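Each of the next two complexes has chain A plus one more chain, namely chain B in the first and chain C in the second.
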Partner chain A sequence: MSAPTRGTRYITVIVSLLAGAAVWEVAGHLTTEAFWAPLSATLQSLAEFARGGVLLRQAENSFRLYLSGLALAIVTGAPVGMLLARVRWLRVALENYIMMLYATPMVALIPFILSMMGFGFAPKVLVVFLFAVFPVLYNTVEGARSIRPELIEVAHSFRSNEWRLWCDVLIPYTLPFMMTGVRQAIARGLVGMVAAEFFLSPSGLGQMIMMGSQNFDTAGMLAAILIIVLLGVGLMDLGRFLENRFAAWRGYNR
Partner chain B sequence: MTAPVLPETGPAAARPLWRDWIESPLFLKSTAGIVLLLLWEGTVRAFAPSYVARPSGIVRIFTTVIGDPQFLAAAGATLWAVAKGLLVSLVLGTLVGFAMGRINMMERGLRYYVNSLFATPMVAILPLVTLWFGYNADARFAIVVFAAFFSITINACDGARSVPLEYLEVANSFRARPFHTLFDIIFPASLPYLLAGVRLAAGRALVGAVVAEFFVSIPGLGYYILYNSRTFKHNEAFVAVIVLVAAGVSFEVLMNWLTRRYLPWSRRD
Partner chain C sequence: MSNQVRQAQPRIAMSGAGKRYGALQVFRDVDLTVGEREVLAIIGPSGCGKTTLLRCIDGLIPLTEGELTVEGEHITGPREGVAMVFQHFGLFPWKTVFQNVAYGLKLAGASRAEIEEKIPEFIKLVGLSGFEHYYPYQISGGMQQRCGLARALAVQPRVLLMDEPFGAVDAQTREILQFEMLRIWEMRPTTMVFVTHAIDEAVLMGDRVLVLKGRPSSVHEIVEVDLPRPRDRATLLHPRFAELREHVWNTLMAEARQAEFEVTR
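The block that comes next holds the complex of A and B.
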């Protein structure tokens, strides 16, 4: 395999993207309207949404929900995980339960939340929170498990107080693991956001997809899905960037 | 009679024993479990309406629900759909992933599509899938495959690229056929990656199946939960959640065991 030059690499990528667009367009013309809409029609309805302000409003709704849930998850998951890093008996007592909750498909809890809390903003935030909090917690605890006792011993030998110990040993050590959790939380939270918008009170981008499917407006639905796909890609890149940014700290065990 | 010298049985010797017992992981874990269950029970009794699921209520109805043929059929339907979807995605994903990993052209052509579909929340395409397959079990199967396929593909691709170059060179020197290179070198070398992909895929597939059942209303654990929680039978619905968690956790345990038993060199920790 000879190393391709920069030019040919870009050409293949561009060709593949163009081919994808062409397949999308042609598939739309070959099938019925309700089955698949051509790319041109999809972009047209996207432009319409953007012009009418619908897109901006719904995206803002979705974002508010997503960010509230995610922020809440990080703000609770990270400190609790760090606390478990410090207090050994608490970690031993709880780690299996955290692992179990991490493995629980949280979508299964949506019907309970619906019938207990009804419609509104709070239950939806709770859904995003539940989707996102356990990856952060689980990964922080995993990091805590691998913290080397010598590090804490050395800190103690130098008479470092509890505050310095947190700032100089615990937080820097667990941060890279936590960032892996944050990356997972970013992806899972997005699933939670769409699920909440589908199954609790309809709102945001989820509602746009639903409306498209109910009105047999396939182009509109595809436009909304396209936005979510792009959002997912962007957020995943952001998560990966964050993780790599802190991964260098891990050093020896990676 | 020369009795063996027994250790002192004063408070100095008894106390460590007691402390050991308190600090043993088993004691800590089971105490934490009991405390959590009591907290749940107490909170629900004090603040929540009576239909909300609580441990005592779940225990009371657990055996009847587990023995209910309707429930068993639902559990079977969901788990079977997940297993079938995983198997199909494993075969297809491995093929596509290996092709992407070993053929540069394929990789460059498909990478964007695979990565972006991997990042897509599968819930978002539910309406589209029901449009194509109708409101039936096929739609659930399609969602499960969509949920599982891309994580396996990405991992298979990474695995195929991580094969040490020397192995391939040796195979080449001995004039190995492409078929043999694939099955004797690339496949075993990328197994750890594949297993990681399957593990990730299993969780996603389970979520996909449940979500599809919510949306499409076909018999299964997801629909069982939806139906029972709508009729305010939360205890019954929660049994289905327990079965889902048990399925997820036991799959994880199975994968761990498989890794330790057959791939001891690939342990990550």
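The block that comes next holds the complex of A and C.
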């Protein structure tokens, strides 16, 4: 069998998506509205939300929370990861805590965060941050540590100081690993966002899902979920694109 | 004559030098001098500490015993005017050939204009013109080491340290690079310390060949290579070349053979 061409690939993808949509639609009609809504009803709900401005407002709400937490995770995770990779005693001192926190299901910490910080915006950002920061941190540390010692020796041999060593060698080498972490953080942060919106004060897309569920408005609930899914897929693609871009020099990774 | 010049103004001088890692003594009692336009080849079995010795001269690691001066000054760290070519090339894979070659010069604070002007010259010197914008993974091992060589030459070093530079390339490429190196050295003669485990290469490159041997290793013998320069492929056919190679071979292999015989007996 010959390898599939680009054209047949696209056709396969489109047919697969259409089949999925058809199954969704049919499943909706075979069950009650409260249990599963057909795709058409879901899209209708979505259109209503969009028209009423609810969708935009709630999505913006969620997005602000998500991006704040994610940005905070990247700007702390990446530099702290680099530092841990470079400063041995710091790494030895902290790596157990990092592993423990990485392994902890973050949802378990939400009641604690609630009692500590209440219902504001900050505790929600903290939840997204906690979901997202460890993949960035972990991948950065492991990546930065995997550099061949010879390359650092080359830098020393050419009389590089520590600052130049970071700029010329450590950071460019670590970037692709960091981006792998960011890509994972993008996915985990989304989970964190919904969790924060569920378990702290309800808001954003999470609130829409909850309200839909409570009011037996399955179509509305699915509409909100669909938005989150599309957001997730789009962001993952962006993450993969960035990762490949920063890793082009490896000469593989395609 | 050359001997006098050498002794009068050694670029590199080591006396009673030793290096120890905890309980492991790598080498000891190393005395050597290298003159201004001299190539000292260092040969020894793998694991004898030749690379360690070279890294000490580069200032990457300190000696634990003895004295080391380069241009009359004690070595406390990597020094301006000394450059190293690494065994596994040590190229930065995220930098292009041009950026790799420019690395040392850029660190030394050269302006953009200066880099734009000088780097092509060194890329040309090593025969990499046309490959400026390739990444290391896109070029062969031999070309990668040409790039490593250009990077070292670009800082216009007065001391060039070669750490088994052709050890990681295939046999034919290795021969080509050896003659390239000889050609380049004739154009820009500097003090050179050339570490290798290949006997032919040591004799071909060196004005003297220092044989490092034993555990911990020490200077076993220094062989004067009285082959005329410039050297090229014809040098390999010189009867004296065969004699010297045989001599170094015997010096180096005597113990190894003995050990082998003891095992078989």
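The criterion applied here is as follows: the second predicted complex is superposed on the first by the 239 of 254 C-alpha atoms of A that agree within 3 Å, B and C clash if a C-alpha of one lies under 4 Å from a C-alpha of the other, contacts with A are read in each partner's own complex, and residues count from 1 in each chain.
Everything that follows uses one rule, which is that a contact is a pair of C-beta atoms (placed from the backbone, for glycine too) under 8 Å apart; a residue touches a chain by one contact, two chains touch by 3 or more.
What you are looking at is a predicted structure, and each value in this text was computed from that prediction instead of being measured.
Touch criterion not met for A:Trp163: it reaches neither chain B nor chain C.
Using the contact criterion defined above for the overlaid structures, shared-chain residue A:Ala195 touches chain B, although it does not reach chain C. Chain A has more of its residues touched by B than by the other of chain B and chain C. In the superposition on chain A, A:Pro172 contacts chain C only, with no contact to chain B. By the touch criterion defined above, A:Ile209 reaches chain B but does not reach chain C. Contact with chain C, but none with chain B, is seen for A:Glu153 once the two complexes are overlaid on the shared chain. Chain A residues in contact with chain B (one complex) as well as with chain C (other complex) do not exist.
Of all the residues in chain A, the ones that touch chain B in their complex are 1, 4, 9, 12-13, 15-17, 19-20, 34-35, 89, 92-94, 96-97, 100, 103-112, 114-116, 187, 190-191, 193-195, 198-199, 206, 209-210, 212-213, 218, 221-222, 225, 228-230, 232-233, 235-236. By the touch criterion given at the top, residues 55, 58, 60, 77-80, 83-84, 86, 88, 90, 92-95, 103-104, 107-108, 135, 137-138, 155 of chain C touch chain A in their complex.
Those residues of chain A that touch chain C in the complex are listed here as 148, 150-151, 153-154, 156-160, 164, 168-169, 172-173, 249-251.
Taken in their complex, chain B has these residues touching chain A: 23, 25, 28-29, 31-33, 36, 48-49, 52-53, 104-105, 108-113, 115-128, 130-132, 203, 206-207, 210-211, 214-215, 221-222, 225-226, 229-230, 232, 234, 237-238, 240-241, 244-245, 248-249, 252.
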